[in-house]
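You will see two complexes here that share subunit A, one where it goes with subunit B and one where it goes with subunit C.
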Partner chain A sequence: MNRFIYYLIATHMITNIVANVPKILLDKNDKGAITSMILGVFVGLLMTYIVIRYFTNSPGKDLPELMKEYMSKWFYYPILFFFSIVWYTAGTITLVTYTFMLDLFLTPEMAILTMVMPFLVIVSLGVLMKTENILHSTEIMLVLFLPLGIFVFTKAYLSKGINWDYVKIAIMHINHLPNYSAFTGSFFMFFGVVNIIVFNKYFVKKLSFGFKHILLVGLLAITVLFTTYFLPIGLGGFDDIDKLLYPWISTTDSIRMKFGIIERLVFLFMLFFITISLSTIVIQWHIAAKLLEKVIYFKRLNWKKNNLTPYLFVIVFSICAGTLTKTVTDYQLFKLSISFYNILPVFFLILFLSMWAVKRGAKS
Partner chain B sequence: MWKKPKEDPSPPDIFNELAEKLKPSTDIMQIPLSIEGRHAFLFYIKTVVDGEKIQNMILKPFFEMRSEEHFESYVNSSPDKVEMPDTEALLISLTKGFVLISIKGQLALLDLKKVNSDTVGETVMESTVHGPQLALSESLETSLNIIRQHYHDPALTVETIELSDKTHRSIAIVYNSNAVNKNVLNEVKKKIKQFDTPLIQSGGDLENLLTNKKYNLFPTTLLTERPDRIVYNLLGGKVAIFVDGSPNAILVPVVFFDYMEAMEDNYHTYWVSFFGTLLGYVGLFSCLLLPSIYVAVTSYTPEILRTELALTVSGSRIGVPYPSYIEILLMLIIMELLTEASIRLPKAISATATTVGGLILGTAATEASLASNIMIIVVAAVAISTFVIPINELSFSIRIIRLILIIFTSLFGLTGLILGFLGIIMHLCNKDSFGEPYLRLFRVGKIEEKKVRNG
Partner chain C sequence: MSQLKKIKFIAMSIIFFFTTILSGCAFKDIDKRTFVVGIGIDPAEESSNKYKVTLKIALPIGSIKQASGPSYAYMSHESDTISAAIRIIETHTDKVIDFGHTKFIAISENLLKEDLETFMDYFLRRGDIQLVAWVAAARPSAEHILKTEPTTESAASVALFNFFDGNGTDSPFIITTYLYEFRRAVLGKGLDSVLPLVESNKDGTELIINKSVVVQEKKDPLELTSNQTQYFNSLIKNASGYSYKVSNDDLTLLLDIINFKVKFKIIEGKGRPPRVDMKVTVVATVLESSKRLSGSKIDEYNKLASNDMKHTTMDLLTFFQEKEVDPFGFGLRYRATRLNDKNTYDKWKGMYPDLEFDVKYHVEIKSLGAIE
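On to the complex of A and B.
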């Protein structure tokens, strides 16, 4: 199951190429976006290395299990609850952002609730799957749609619309100190690896993770961040790119396929991103539900031998996400995601502390 | 034996007892044989036994042999002799075509049944250009004979179980004892013992009973009539289940890709097979997605197509008085009716159905502005590609899931189409067939994984 950890990392990165990260980075294009990205990559890789190395030592065990073994109830209940909220928020932000984006670019005349409904239905279906099957369905989605992704990205990079001079201008702004939001935004790209805290249950074989693998993840991250940041600049210019609401989609809409049945490349991009984002949202909500299950579990809520607690969670999740979609505006959502990314370091601090506590508990 | 009676011995009591139970059927035969002081009694049901065999294997030797002892040892060494069951099972055996013989008060049971349905038909459902052309037979023994003749290996194990339903049919479980997955085998046996239905007539019945869930859309067992497919799968460790009276075998456990594999694929050169497989998948995706794409593209996002094409599509819909989803549902339902009719109709009338159907699905519908020209092409393409799927169990399921996808697309547009499609993939991923995951890529890794997990 070695390959699945890369799927977790890759799906999360690809999902965020179009969501809020480009907006945050481009917003800070003359205030240190590039240095923040570089810093983000280094810190992200370090975090990836620590997390994966930590979990390779206990193959087949997820973090809640380890915490239950080595930590007091009073500590790990609130921590798991907090983690669950973090994952739910991450998934929900992706979901709402994609809903807004699709409503804006794909079917503008559709009501926003109608837009979010299919997502909620299919994501709920996915969240209720067995954990192992989620990994496999992610694999199938990647195998089915990654060729399309590679095609559209190649097409985008080779398009005549890219003006590399703008990219050069952007690179000129390397001499700024990193910006905190831009840093957390690019750091969020590496969030996918933390999914291992639940999925490690299925990584039974000892993961080998050395320099080569770090390099692989690093290359992927650099490519993804480069695409996130420089592709819109190359296509849309440097100066006013921060004024766009969804800079990535707006700019790639300028690419045409002269001889294709689908002329505007952006629809292929959307097809690709909807697929990848769906698996990301499913993974994140699934983890949120799994973590929550450890804290709140209604033993009596049975119906025909099935415990209904996960179903209840999914309904609550869906209602919250639906309400959020209905109430927030694009700007509020953007602000919300920035503040979410900004508290991420706190989350990682707590994660590392609890990992350390488990290790200490295991030693003594 | 004690003193022989002088007068002719009467048939044993059990004969009368059995005759009493089988009354008033007129085909019960109770025949006393006697010559020169030698006596024997036969009891059988005339309509299920082979008269010629009785003549050659019982009557002739009886009259030719010198003593009762000779005849007794002759009968006892017959390859058709089976062990004597209790009275209740004896009755069932008699109705299956067994002959009860009594010599000197000793009873023996011989299997002399006659099966008129043991002809081997040609393949109908899964025909190939190359490869074996003959299918299985409706008689269990003939089918087993075919499999044994295709697969000479002592590891091939045949277990016969009698069903506990009202008709007491035999079921054979066939597997390669070296390759078979033991968990699956045990589960199959457990399931078959648990059956609680009055009547099992065909492989299809049994298939539904073997499946856990009541409301199941995608098949989790594979029904096949091809001996080569059965042998191929037995070799791969699957379990084949045969029902007496049904010309099909059930293969378990299955994975999704089994349904997409035509046996023909093994009989061609690499690239020809590759192309064939590719066509299968193109057919699968087009018959699943085309109608929904039509709905999404005409009603929700025409701008996704290049301008000329978008104009052609909407131009062809001029005059159609309802939205595209009604158009496509109408046409698809007519197509499904036509397919269903041509399956059910007697062969003599089926030409009428196709002619009338051709009119409905042809130019008449477009001239009446009930459907657009492009719609007709879409429906025709869907109909054709449905038949490309190698195992029609899967294409039956696709027919239904396609309608669900159309409804989802009609409600939510292009997003609905994509998400619905991904939902189907997730549903398939979450299924299992006898504990084995249904849809997986790269299965070799999976096997390694299992080994690791089992220690």
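On to the complex of A and C.
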């Protein structure tokens, strides 16, 4: 089961190549994006290491279980509720961003609700799967679509349109102090590993996680962040890149495949990113539902021996996401994601504190 | 277990229900759409308006065998803004105007001096116009260029596309500039965009593309002659098919250039004016010669060609410098190699007119051809 933790990390990173992280980073291109990214990688790797090492010590147990064992109800109920909201928001922001993107670039005339509905149906069905099956479906998604991803990224890097002078200009802006939003944005790239707090239930065998593995995650993160930040600059220029609302779609739209089935590479990119992001959204909503189940559970809500609480959650989740898609504007969504990333350090503080409390409880 | 099956059945039926509404074209069938292949923008003829927008629309044909040639429809309208004109054009046709296949944007050369950002805005803001569309300057007008239907144009292909996409004609005279390249050059500092200049002959049967213009902010575009265009294009984009004539008193050589490799850096020394060190490596074969050539004298020919080309390059560079344009992107390179501070670019601006060029050529003639 060791490999699944890397899937969790990788899917989350790939999803955020396109979603809101590049927009935030490129927005701060002359205000310290690079130093923020460097800082983000270090802090993110440290966080990854701590989280994984912590959970390898208790294989087969997820955080809610551990908290139930060693903490009082009054502590862990609000904490789990807060965590659930964090995961739900993370998934929803991705969902709404992708819906907006598709609406703008693929079918500008289509109503936004029709656009989001198929998404919601598929994600809802995914969320209702068993946790173990979600891991397996993520694996299938990655195995099927990673070759396509590697192809489109190779194509992008080999594109003649990249002017590396722009990239160098961006690097020459290294002499700025890190920016908080850019830091939390690049830190968010590492969020995938925290999914372990629920998925650890299925990591029964002890995970081995040493220097080699941290190096692997580090390399992946650096590649992903480099691609996220520098590829749009190489193709879109430096000075005005912060004015693009969806820099990554514009970037992929700048790559032409002369002898392909489709001349515009943007559609292949979209196919790749949408599938990967779907599994990320499924994972995040699933965790949100699982955590919420620990707090709110209607024992009587049964229908032919099946408890309907998860179904209820999924319906509420979908309705909230649908309403959000309909009401929120581009700019509000961007602001929302920035403030979400900005509160991430608080989230990690609470996570680490509760992990520490569990450990203390276990010792005494 | 049967419970689970039931849920699965319901879930599958919901999915199948959704497949029925997935029509693929956002609920509008392909026969209810018209595909714009080119947009042309001219200054308005009436003074009350600002732009004249012309759309070149490809008409569908039943089969290529039946078609005698390509068929297009053209629609024009004048308005203050591009989108307003297109909204009116939409009322002149029964179909939805689809910009997904728009690959050519012609801008009248008279418009290129104005505030480029304002009318570029429309193309960039619309998500469905591709950023890999080609941008070109048009003479005498964009409308005229779009309406030109060359006699060599065949059914189910657009002649204008063939010029630029590298599949049809492949000539060093033709500069290709994509919309994203144009955008980053116009909005950024340190590089001036070069657009191909598309002309047509008098009776509208031929498209002629062998010149180009350097677009400058708030100034008239600078026109490059055919030779300058060809030379610049080979240097910067390594365009193939370039032949270069070398001559001295008793020998005239026509070289077919296989490969151009250009490297340059900007050097600031103390007490000396800043200079650009440019190193060009050229691989070539002989295409034509006025005399019998000898393989043992190849170094001599190399030197001769190097010297000759050096002067051509110097001429081009000083021409750009005098006209205060920077299509090579020296400014970009300057910014890319200096740690940034607030006035990096201003410093460069002051430096450019006094810049010295040091060009070194290394020509390597690979083969004399089939005869000596």
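Quick note on the criterion: the second predicted complex is superposed on the first by the 364 of 364 C-alpha atoms of A that agree within 3 Å, B and C clash if a C-alpha of one lies under 4 Å from a C-alpha of the other, contacts with A are read in each partner's own complex, and residues count from 1 in each chain.
Methods note: a contact is a pair of C-beta atoms (placed from the backbone, for glycine too) under 8 Å apart; a residue touches a chain by one contact, two chains touch by 3 or more.
Predicted model, so just to flag it, every value in this text is computed and none were measured.
Residue contacts after overlaying the shared chain place A:L125 against subunit B and subunit C alike.
In the overlay built on the shared chain, the residue A:R264 is in contact with subunit B and with subunit C. By the touch criterion defined above, A:T107 reaches both subunit B and subunit C. By the touch criterion defined above, A:S364 lies against neither subunit B nor subunit C after alignment on the C-alpha atoms of chain A. In the superposition on chain A, no contact is made by A:T327 with either subunit B or subunit C.
106-107, 110, 114, 117-118, 121-122, 125, 263-264 are the residues of subunit A that lie in the contact sets of both subunit B and subunit C, per the superposition on chain A. Within the complex formed with subunit B, the subunit A residues making contact are 1, 3, 102, 106-107, 110, 114-115, 117-119, 121-122, 125-126, 129-130, 133-134, 136-137, 139-141, 143-144, 204-205, 260-264, 267, 271, 274-275, 278, 282. On the subunit B side of its complex with subunit A, the touching residues are 300-301, 303-307, 309, 408, 411-416, 418-420, 422-423, 425-427, 429-430, 437, 439-442, 445, 448-449, 452-453. Within the complex, the subunit C residues that touch subunit A are 3, 11, 14-15, 18, 21-22, 26-28, 96, 126-128, 130-132, 165-167, 178, 180-181, 183-185, 187-189, 329, 332-333, 335-341.
Against subunit C, the residues of subunit A that register as touching in their complex are 30, 104-110, 114, 117-118, 121-122, 125, 161, 163, 165-166, 168-169, 172-175, 235-240, 243, 249-250, 253-256, 258, 263-264, 266, 304-306.
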